[in-house]
Amino acid sequence: MGDQMPPMFPIISDEEASERVGAVFADIRETRNTDFINNLWRVLANDPAALETTWEEIKRVMAPGELSPMIKDLIYIAVSATNNCTYCVRSHTASAKAKGATDEMLLELQAVTALANKTNRIAIGMQVPVDDAFI
Amino acid sequence: MGDQMPPMFPIISDEEASERVGAVFADIRETRNTDFINNLWRVLANDPAALETTWEEIKRVMAPGELSPMIKDLIYIAVSATNNCTYCVRSHTASAKAKGATDEMLLELQAVTALANKTNRIAIGMQVPVDDAFI
Amino acid sequence: MGDQMPPMFPIISDEEASERVGAVFADIRETRNTDFINNLWRVLANDPAALETTWEEIKRVMAPGELSPMIKDLIYIAVSATNNCTYCVRSHTASAKAKGATDEMLLELQAVTALANKTNRIAIGMQVPVDDAFI
Amino acid sequence: MGDQMPPMFPIISDEEASERVGAVFADIRETRNTDFINNLWRVLANDPAALETTWEEIKRVMAPGELSPMIKDLIYIAVSATNNCTYCVRSHTASAKAKGATDEMLLELQAVTALANKTNRIAIGMQVPVDDAFI
Amino acid sequence: MGDQMPPMFPIISDEEASERVGAVFADIRETRNTDFINNLWRVLANDPAALETTWEEIKRVMAPGELSPMIKDLIYIAVSATNNCTYCVRSHTASAKAKGATDEMLLELQAVTALANKTNRIAIGMQVPVDDAFI
Amino acid sequence: MGDQMPPMFPIISDEEASERVGAVFADIRETRNTDFINNLWRVLANDPAALETTWEEIKRVMAPGELSPMIKDLIYIAVSATNNCTYCVRSHTASAKAKGATDEMLLELQAVTALANKTNRIAIGMQVPVDDAFI
């Protein structure tokens, strides 16, 4: 798999990380209880302010709420498949599995995503007006 | 709300429904336990084969599985918001609420959808390569 | 239907048209054999160079070739439904009908568009590798 | 071309196919009059119900109607290019060619797809209101 | 213009604003030097944490940097037109004009956005490989 | 990087170029003051009329105006990232850099693009009505 094109900005290693970036990396490691930091963060680290706020947003938005973190990962995958983001489909599928998502759940997710993309275009293509009951 | 543009094909009333279309309408009513048939089906009824198979697909895909029907509606909303389908956002929000989705769940859904759309473009725009761990 | 929002730029009337814009309007009228000039051209007329080149491109690309103008309008509708462009869905449906597209053709078009949007996301969501036979 | 990433679900071989999946594979072979079964079906086979219904839908929707199967493949390509689905662009181009699509047709298709994507954003970006004549 | 559909969540008035929401509203007013708070913030206020972080992000990202706030608004419009977000096209056009964007700039922006959407699909539809010089 | 899939149409070399295509290639070289002609043009050369008009459009639209060519490239990148066009993201980033775009500008661009994609879906997902002030 070494033939992917390189990113548009350097992948920041631990050694290259500034103090500010290093602090975020440390928090990622502690929060996720793993030494692994995936490329999204290492590339985003070229913009330390974006790294900080995006990481804080991920932590807050993906935390347990009325929806579980696993369900939130499934929603993330549905959006990422719709937008054709290979990186995000793969990273959030790994994340969902780590939180207990079964293959069956992932297949149900794919089926809903595919169907929604289909009926979205039926509604748009045929210009279906919104029912009063839905307004 | 009478100022929406009309659809590209007629809205088929119960009276105008052929026997084939009428059978689907009857199944929608029985399955959902309501007399109400929303415009998507009434417009799609111009193509009876598409009406039948799409309705069967919705019934099968949105049925209880390892994911609940309510969670499936939330996923539907996430896709529909990403694709900007007003009809689908509104109809599946109504459906999710009818199945017990709370405002808090819907707000969490919006936050995940917005964040995924953001990080999708970070991954794409910066051309972040997929980590070996995700392949 | 008077409640649509106004465009971001003025709708240029015949009276307001500069000589350069007027020449394009005249060519639209002659080419289409109608006095009617739809809003897309009247708004685009705020940028006369864009008006000229876009009109020339439409004339060239939508002309009879190995694909008929009607088939080209159907393809236009498929793209426009996928992109959710109400204006383009409606204007090209009117155009396709004027060129002989039947309701049955338009329904088949809708079905293909909906299905393609569905299987696009199956291929992307499940990350299906391209078969050697297709490369 | 062996460096594509693997799919998110296994590619089901003939040997691994359940009886239910095998029946669909057999129908694909008979319908298409070829032994070749492309990856989309082999990956989708992880969800046998989705495999069955999607295959049935493809058979029905892509069958000869008022539009020919070749024209339907061209429409499929236009949608797939707009959604950036590499798999679908390549598989349906192969399919269209097998049905007689010439390079010239495919180039005309590309030109229409490109132009529609351009004017879609002119209509949306300038917020052009739909003409009464199109409503 | 009173015929737009209502939002999916209430528009929070100043009177309904909690202390937390009120603090953000006050900062919006002070930062923008106007009493006007647009609907995006009043609807997002249903999720106070999202309101706070999104407002902070807007303030930080849209601030003067190596790109001016006006140029950033133009980029915002290009994305919003591509995604077909009417709200965002209109609000950021108003914002760009307030910062000095001329009609000519906005027309140039529209032309670039339209052209990029066109050539994006040429590159994707024809599956053009990235030149070594760009990697 | 030799493992990208080939394009759907041949890459036209200088030797294979017709007189008509050669004239465009010559103008590209003269205009850009380089011998290098990137793949987009060499693939598009399969459709000489499309090559001519697209090149003329690029020359006109990307020329200095009230917006500088560099700023126009940044807008191009924002659209291309939103549409997930790898080719266009990479080629216009190279072009922007050649015109003086700094890494800091490109990072600001990424941040605006990501944020716009996020708030686009907040506005759409929550169905925020356009304020009268923006109409």
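For reference, chains read A, B, C, D, E and F in written order, and residue numbers begin at 1 within each chain.
Operating definition for what follows: contacts are C-beta pairs under 8 Å (C-beta built on N, C-alpha and C of every residue); 3 or more make two chains touch, one makes a residue touch a chain.
Model, not experiment: these values are computed from the prediction.
K.L.:
Name, by label, each chain that touches both members of the pair subunit C and subunit E.
P.N.:
Looking at subunit E and subunit C together, the chains touching each of them are A, B, D, F.
K.L.:
Tell me the fewest steps from subunit B to subunit D, where a step is a jump to a chain it touches.
P.N.:
Tracing touching chains, the least step count from subunit B to subunit D comes to 1.
K.L.:
More than half of C-E's contact pairs recur, by residue number, in one of D-F, D-E or B-D. Which one?
P.N.:
D-F
K.L.:
Please indicate which chain is farthest from subunit B, where distance is taken between mean Cα coordinates of the chains.
P.N.:
So the chain farthest away from subunit B turns out to be F.
K.L.:
Go ahead and note the Å separation of the Cα centroids belonging to subunit C and subunit D.
P.N.:
Their C-alpha centroids are separated by 22 Å.
K.L.:
Between subunit A and subunit C, tell me the centre distance in angstrom, where each centre is the average of that chain's C-alpha atoms.
P.N.:
Subunit A and subunit C have C-alpha centres separated by 34 Å.
K.L.:
Find the geometric centre of each of subunit A and subunit F from their Cα atoms only, then give the gap between the two centres in Å, rounded to an integer.
P.N.:
Those two chain centres are 27 Å apart.
K.L.:
On subunit E, where are the residues touching two or more other chains?
P.N.:
In subunit E, 1, 3, 5-6, 8-9, 46, 50, 57, 82-86, 89-90, 93, 110-111, 113-115, 117-120, 122, 124-127, 130, 135 touch at least two other chains.
K.L.:
Does the chain-touch network form a line, ring, star, complete graph or other?
P.N.:
complete
K.L.:
Mind listing the subunit F positions that touch subunit C in their complex?
P.N.:
Contacts found on subunit F: 5-6, 49, 53, 56-57, 60, 130, 135.
K.L.:
Can you tell me which positions in subunit D touch subunit C when the two form their complex?
P.N.:
1, 4-9, 11, 36, 38-40, 43-44, 46, 50, 54, 57-58, 61-62, 65-67, 71-72, 74-76, 78-80, 82-83, 85-88, 90-91, 93-94, 102, 104-105, 108-109, 111-113, 115-120, 122-135
K.L.:
What residues of subunit E sit close enough to touch subunit D in their complex?
P.N.:
Contact set of subunit E toward subunit D: 77, 81-82, 84, 86, 89-90, 110, 113-115, 117-122, 124-127.
K.L.:
Flag every residue of subunit C that touches subunit B in the complex, lowest number first.
P.N.:
Touching subunit B: residues 1, 3, 84, 86, 89-90, 93, 103, 106-107, 110-111, 114 of subunit C.
K.L.:
What does subunit B use to touch subunit C in their complex?
P.N.:
Its residues touching subunit C are 3, 5, 8-9, 46-47, 50, 83-85.
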